[in-house]
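Right, I'll just put the structure down here and ask away after.
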Amino acid sequence: MEQNREGTFEDLGFARLDTDRAGRTGYEEVVYCSGKPLPYLTQIYEKLYERYGRVLGTRADKEQYEAVRKVLSHAEYDPVSRILVVDDDPRPGKGCVVVCSGGTADIPVAEEAARTAEFFGTKVDRIYDVGVSGIHRLLAETDRIRKGNCVIAVAGMEGALASVIGGLVRNPVIAVPTSVGYGASFGGVSALLTMINSCANGIATVNIDNGYGAGYMACQINRLAIGVEKGE
Amino acid sequence: MEQNREGTFEDLGFARLDTDRAGRTGYEEVVYCSGKPLPYLTQIYEKLYERYGRVLGTRADKEQYEAVRKVLSHAEYDPVSRILVVDDDPRPGKGCVVVCSGGTADIPVAEEAARTAEFFGTKVDRIYDVGVSGIHRLLAETDRIRKGNCVIAVAGMEGALASVIGGLVRNPVIAVPTSVGYGASFGGVSALLTMINSCANGIATVNIDNGYGAGYMACQINRLAIGVEKGE
Amino acid sequence: MEQNREGTFEDLGFARLDTDRAGRTGYEEVVYCSGKPLPYLTQIYEKLYERYGRVLGTRADKEQYEAVRKVLSHAEYDPVSRILVVDDDPRPGKGCVVVCSGGTADIPVAEEAARTAEFFGTKVDRIYDVGVSGIHRLLAETDRIRKGNCVIAVAGMEGALASVIGGLVRNPVIAVPTSVGYGASFGGVSALLTMINSCANGIATVNIDNGYGAGYMACQINRLAIGVEKGE
Amino acid sequence: MEQNREGTFEDLGFARLDTDRAGRTGYEEVVYCSGKPLPYLTQIYEKLYERYGRVLGTRADKEQYEAVRKVLSHAEYDPVSRILVVDDDPRPGKGCVVVCSGGTADIPVAEEAARTAEFFGTKVDRIYDVGVSGIHRLLAETDRIRKGNCVIAVAGMEGALASVIGGLVRNPVIAVPTSVGYGASFGGVSALLTMINSCANGIATVNIDNGYGAGYMACQINRLAIGVEKGE
Amino acid sequence: MEQNREGTFEDLGFARLDTDRAGRTGYEEVVYCSGKPLPYLTQIYEKLYERYGRVLGTRADKEQYEAVRKVLSHAEYDPVSRILVVDDDPRPGKGCVVVCSGGTADIPVAEEAARTAEFFGTKVDRIYDVGVSGIHRLLAETDRIRKGNCVIAVAGMEGALASVIGGLVRNPVIAVPTSVGYGASFGGVSALLTMINSCANGIATVNIDNGYGAGYMACQINRLAIGVEKGE
Amino acid sequence: MEQNREGTFEDLGFARLDTDRAGRTGYEEVVYCSGKPLPYLTQIYEKLYERYGRVLGTRADKEQYEAVRKVLSHAEYDPVSRILVVDDDPRPGKGCVVVCSGGTADIPVAEEAARTAEFFGTKVDRIYDVGVSGIHRLLAETDRIRKGNCVIAVAGMEGALASVIGGLVRNPVIAVPTSVGYGASFGGVSALLTMINSCANGIATVNIDNGYGAGYMACQINRLAIGVEKGE
Amino acid sequence: MEQNREGTFEDLGFARLDTDRAGRTGYEEVVYCSGKPLPYLTQIYEKLYERYGRVLGTRADKEQYEAVRKVLSHAEYDPVSRILVVDDDPRPGKGCVVVCSGGTADIPVAEEAARTAEFFGTKVDRIYDVGVSGIHRLLAETDRIRKGNCVIAVAGMEGALASVIGGLVRNPVIAVPTSVGYGASFGGVSALLTMINSCANGIATVNIDNGYGAGYMACQINRLAIGVEKGE
Amino acid sequence: MEQNREGTFEDLGFARLDTDRAGRTGYEEVVYCSGKPLPYLTQIYEKLYERYGRVLGTRADKEQYEAVRKVLSHAEYDPVSRILVVDDDPRPGKGCVVVCSGGTADIPVAEEAARTAEFFGTKVDRIYDVGVSGIHRLLAETDRIRKGNCVIAVAGMEGALASVIGGLVRNPVIAVPTSVGYGASFGGVSALLTMINSCANGIATVNIDNGYGAGYMACQINRLAIGVEKGE
């Protein structure tokens, strides 16, 4: 393991594990599984498990799950969110993050966000299929939505959900455009632009389909809110 | 004046006036003033006035107004919508078209739509600054909005207004993206994409800032609704 | 079932059915089948059938048809338009909507529009393969086209059909760009831009390949024209 | 003033002031000055001042400042950030938000963020010209940066600043792309894409040059961190 | 003057005049005036005049005209097409090239094409304002259009003119998109895409506003047609 | 068969065959096979064969070939160009069109152009793999290239071939961008832009991979050059 | 074999081998295997092997390897970089080129660069997975990176690696964007823009995934540095 | 002045001068003048002059020159390249870098490259207006071009110059796209794509109009070639 002023890492040749990530950021390193060859992936899971006793992986497929399960038999895989977890001692959820989805088809991305947040010890409230074209479905949940220390708004197509929610709440909204749609949705670009251009306050946006990134940031905010981290 | 099976026109050299437009479509030819040299413009206004006793021009500037006023002294100019009208006998408004704008900055485009509709004899109800980031402002007007035979939704930035309205009403919504915004609004492209990708039903979209086009089509729909035109 | 001032809905967990859609808009909720898992889809079809005695679904594939047929044995599937319908008592067509296509390859989208309109009780006249590069084929049908309370113009590649039709008729034209083409057609973007930029009056545009959206709006317009809905 | 379940507003005709914004979100409504005609602007400033005793406006120009100063003589204008403030009783800064800029040319946007945060009672630490092409300048400030409850990373051109900061801190990073650059920076699009695609955790992005939006969200996060708002 | 197997040129330091262009291609070198400093421009005009007794320049402004007139007093400038010509002995027009424009605003580009063709000895027939939204205006001229050895179709906005003409004639059509339009016309990109995607046969496209390029190629085709150049 | 002033056609329901195409343009209607269902395709081939004794189809696949061969047993298929021809009496090639390709991978598109030209009675000279990165390979063929009444330049990647050829010849160059390339070639967009922006004279461009369109127009030009068609 | 002033080549019909490439540039012609039919590919390998005794091919797949191995039995294939080499007498590596990758997923492109450089006799130092989101991993290798006569920076997603390295070293950096990423990475466009807009000095960029191009240019620079080529 | 392991800098508040740049990279820090307020700019020039006795600034305008001349009276300004230099002791040019431009309009960018290289002690050979549409002008200079340790190819419009040069030389080519052009040149994007997609070897590209960046990298390469820097 090498070290310098900014941190330590372990060089596996094909990867340099950021081994003091948890010390530096409060959260363990997470594995982006997509496209990683099986031998690399299992080795990374083993190393991280060895160090932390728990591993979160995103964008895993079934074959990767089978391979990881061979070396870490209690690995669990959720085919909807494609999250592959090994966790000996799941943390209880604290605080509150609300995850809203515009439609049914956005659920996989919403679940990636929700499960990421739960892995890092955050309590999650899911409110799905509340897209703006039937606004009464969303307004019926205003009270639940306002309870979140942070709200994650997941939507494809025109992606207007984040703006409407932004106008209803006092806490930050993380907008997640999804690739749901067709034609001029351009694989999520339309929703991304909608969210980036939102005229509502308190909205910031992550990459298309990046449920993980939204879940992670929501944890940071929730952590600040519940007083685990101290402001100056 | 030349004629063939599909219609007649008058060739001015630099322009061919579509002289049986009113017969063919029910509405007189309209002048797109932007960039037309003054001598061309005044000649076109005179010819059309001669034929119909009334002329509607869009995207006119002050200098063009002054020039037209010299030849048609009762021309009237609205600097907000940039509409330049000569009309001896304004028609009373019939039926109902509702024009909504997302923000204050969208008013010039909304007015272009509203005044176009009024020129062609349509009654217009204006509801401005009801953007989705303060959704209660829009919902307070649900009843008025539902009275329109057609609703024109004018919005820039993320352009989510059309989707929310589309979910509230039974009649068609014409969406007009505006170039209001900055950064990744790309001069109205973001709003255009939002509207084109709307998951609400009964929405179709016109070009960025094309208030005229929306107003025209709203007249066609309103005309059908009030029974001036007969369905089969 | 939950309710608020704007409407009611039924929460299935993965979806919130907009159960007063018909009351609010005059048309039942439609199912966008694409990508919906079979258990979700069949449950939605059953719920909607229970409520309305008829269901329209778009973008269905063969496997979805087989699944729905198991629970609703009289479901019917059209492989060209990919429309999956259950309808105990089809409504007779009233009024007139004309559906034109530029080429043979645009027929699937044109049929999605036509069958949507028919499901909601609209009479449809189909005029296919009348693209502008052989303009006499289109002009031969001018009289039929002019009879529509609304014309749907479906075209890919350069998408010029809508502009030419727009110049011939008095009623509104809904333009549907298709993804037919190659190279710089960019999956329908070229046709979409052509239609959005049309210099003809009375044209508004829906998303690429969105035959359903055009059919729906055409029904709204036709409904106004035949006096089912009253203008003010 | 009108009211419904979701809130109240005051209709000025050209604008509907969202008068219970402060109650709903904890922060007063802010004025986006750009392009607002002077009579509209002064009226809005007066109304909001009347209600709250303080007004924040962004994107103001010198002429607007002169006009507002005539009706509210203690208005103050900062030509760098273009912020126009009236504030009888500025709030002391609490907590800590760090604002970093990549270069000298990004300072106007960074100042918009910083002054917005300060207006809403947040303590701000400014660290400017620490772009990644001379990484030692950034690393020299690691300790200061880590003290922020939230870090705002403002950068144009390739916009890599946010990713590097994201790897160094435990709290959220709000990335603000700026339009600084030339050629293929496309007015900030390159920086926006860099930030949206960041492989670092805990980063979300706002619109190009949207210092205000970043400052606002940073306040929300800081407010949660210092315990003004309670998590569940 | 330097020479190699492929040709000769004259090096002025800031420019290398392609002095055997006329021998190689049959047409003299043409000056693209836009942005050329006055001393460079006058020197180039003098050199070319010396060599050929005639010079054609495009995209000239008034100031450049004044400068060139000082050294070549019989220079002539057309402010519409922005063409700046010196020609002691204009050639009579032979053969036939037809130049059509969609609208009045496209005339400057159409004139650049027409005057270029005339400079090189081609007879030109101009047919302006025959855009497709009033198709009868175009069809009234079918016979004249069919007489061209080549047709130049100049159009902005949706640019559908070329496709309709392409379906009517037997000889090649050169399509020239113009930057006329607004919103999603993207400075001519929409028209360019329409023309590139044309489903009509016998159409090729030049750059946006490139009237010169179309006029030049039309001359080449016309020259072949009238037998000045021999096929194998 | 229907008829109007502009022409005749035959309505097959799914297609309207433009039956006087040959009379109007001198060339028979060509079939774009891509995506046409087999029953449609064979019926179209039969109808056209009946009328003209010869049929040219482009973008055909093997399965379509097999189907057509069943009804027209002497159909011939070239898998490189994907051209599917039935021709009882191939015409001898006249005049000269030169087809150049930048690389080996561009040959399918080049062959589509060449075989189209040959079908319509044009003599073709093929010069392949003469891309600009080894310019001596191109210059070695200057004399052959100059003999073409028209030159077709087919190239992918950066597509610079057309510009270099344009500078060498006196007759028109038709540029065909291909989708050959990777990364920022964007499926041929880079090559298309290069060709559209060419600073050489006498170049016009067709759609990406549109060898057919280039071949067709080259025939028109060649036909004019060899005097089959008369200039005025 | 044909020859002219600029060089010689051998015409195989489908390809013109640039046979004096090694004389002109110092490096043998390299084969871009992707999409080449097997008979073409094997023939090219044989010809080049005959001439030089060694051949480098890029973007080869397994099937191509099998085919080449049949005619040149000692061919070697690396499935990661997809490089297919025949080399009787590998050259020892001289000088030093450093190849850095941002992540594990960028290794295939990095290896294409590294192996290309090694084929042409360059010594390569590989430093992988040093992306900027864990900057200490990169800074730990500053000394090794500074030893390169040229550094190749390979990165996807936001592609910020090149800028940071550019600020640390005195020698040139060649930036290679990769298609690694999702959503708004647009297949590598985001990384490409980041690199093109880099505010660091001494950086130039090649196409997305073009490891070969970077490796080649690095060899040229290294060759100059070690004195094989003489400066003036 | 602050210091850490990676370097030192001086914090002026609005800027952090990278004071050990020369030690780290061999070249002094350069000032990007565009948009810098005069007081900032003069202070930066003074600081850098104090430290190094020489300063290079790019993208300066006339007003900035006047301001700098007041504090450093021997400042020199070149209005073509917009370079603003203070240099007590210009270095003699060593080695050889060749700068080629496609057209006359590209000269300002070419001069920015050339003068940057000269400032850092490099000998420059300028070859202007050798664009590919008159290829003989370029080929006449093959011998001069081949003498460069590095060639800078500056071109706008279709930007094909770099590919042709790349095929002629053995040393690296740095491609600089310029914003020269109109229509679909998109401010240099077309040329940028051409260069990035070049099929020639040994080419890398910098940002649009970035003559400075190309000049800098050329110096690095030339420095290695003439042995100032040692390879391993």
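Read from first to last, the chains carry the letters A, B, C, D, E, F, G and H; within each, the first residue is number 1.
Here, a contact is a pair of C-beta atoms (placed from the backbone, for glycine too) under 8 Å apart; a residue touches a chain by one contact, two chains touch by 3 or more.
Because the structure is a prediction, the values reported are computed rather than measured.
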item: Steps in the shortest chain-to-chain touch route ending at chain F and beginning at chain C; value: 1
item: Chain whose Cα centroid lies at the greatest distance from that of chain A; value: E
item: Most distant chain from chain G, judged by the mean position of its C-alpha atoms; value: B
item: Centre-of-Cα separation between chain G and chain E, whole angstrom; value: 44
item: Separation of chain A from chain F, taking each centre as the mean of its C-alpha atoms, in whole Å; value: 51
item: Chain B and chain E, separation of their C-alpha mean positions in angstrom; value: 36
item: In chain C, residues with contacts to at least two other chains; value: 5-6, 134-135, 139, 168, 183-185, 189, 192, 196-197, 201, 207
item: Chain E - residues contacting chain C, complex; value: 102-103, 131-135, 139, 157-160, 163-164, 166-168, 181, 183-186, 189-191, 193-201
item: Of all residues in chain D, those that touch chain H in their complex; value: 104-105, 107, 128-130, 134-137, 139-140, 180, 182-185
item: Complex contact set, residues of chain B against chain E; value: 2-9, 13-16, 18, 21, 34-36, 40, 177, 179, 187-189, 192, 207-210
item: Complex contacts: residues of chain G adjacent to chain H; value: 5-6, 24-27, 30, 94-96, 123, 139, 142, 147, 149, 168-172, 174-175, 192, 196-197, 201-207, 213-214, 216-217, 220-222, 224-227, 229-232
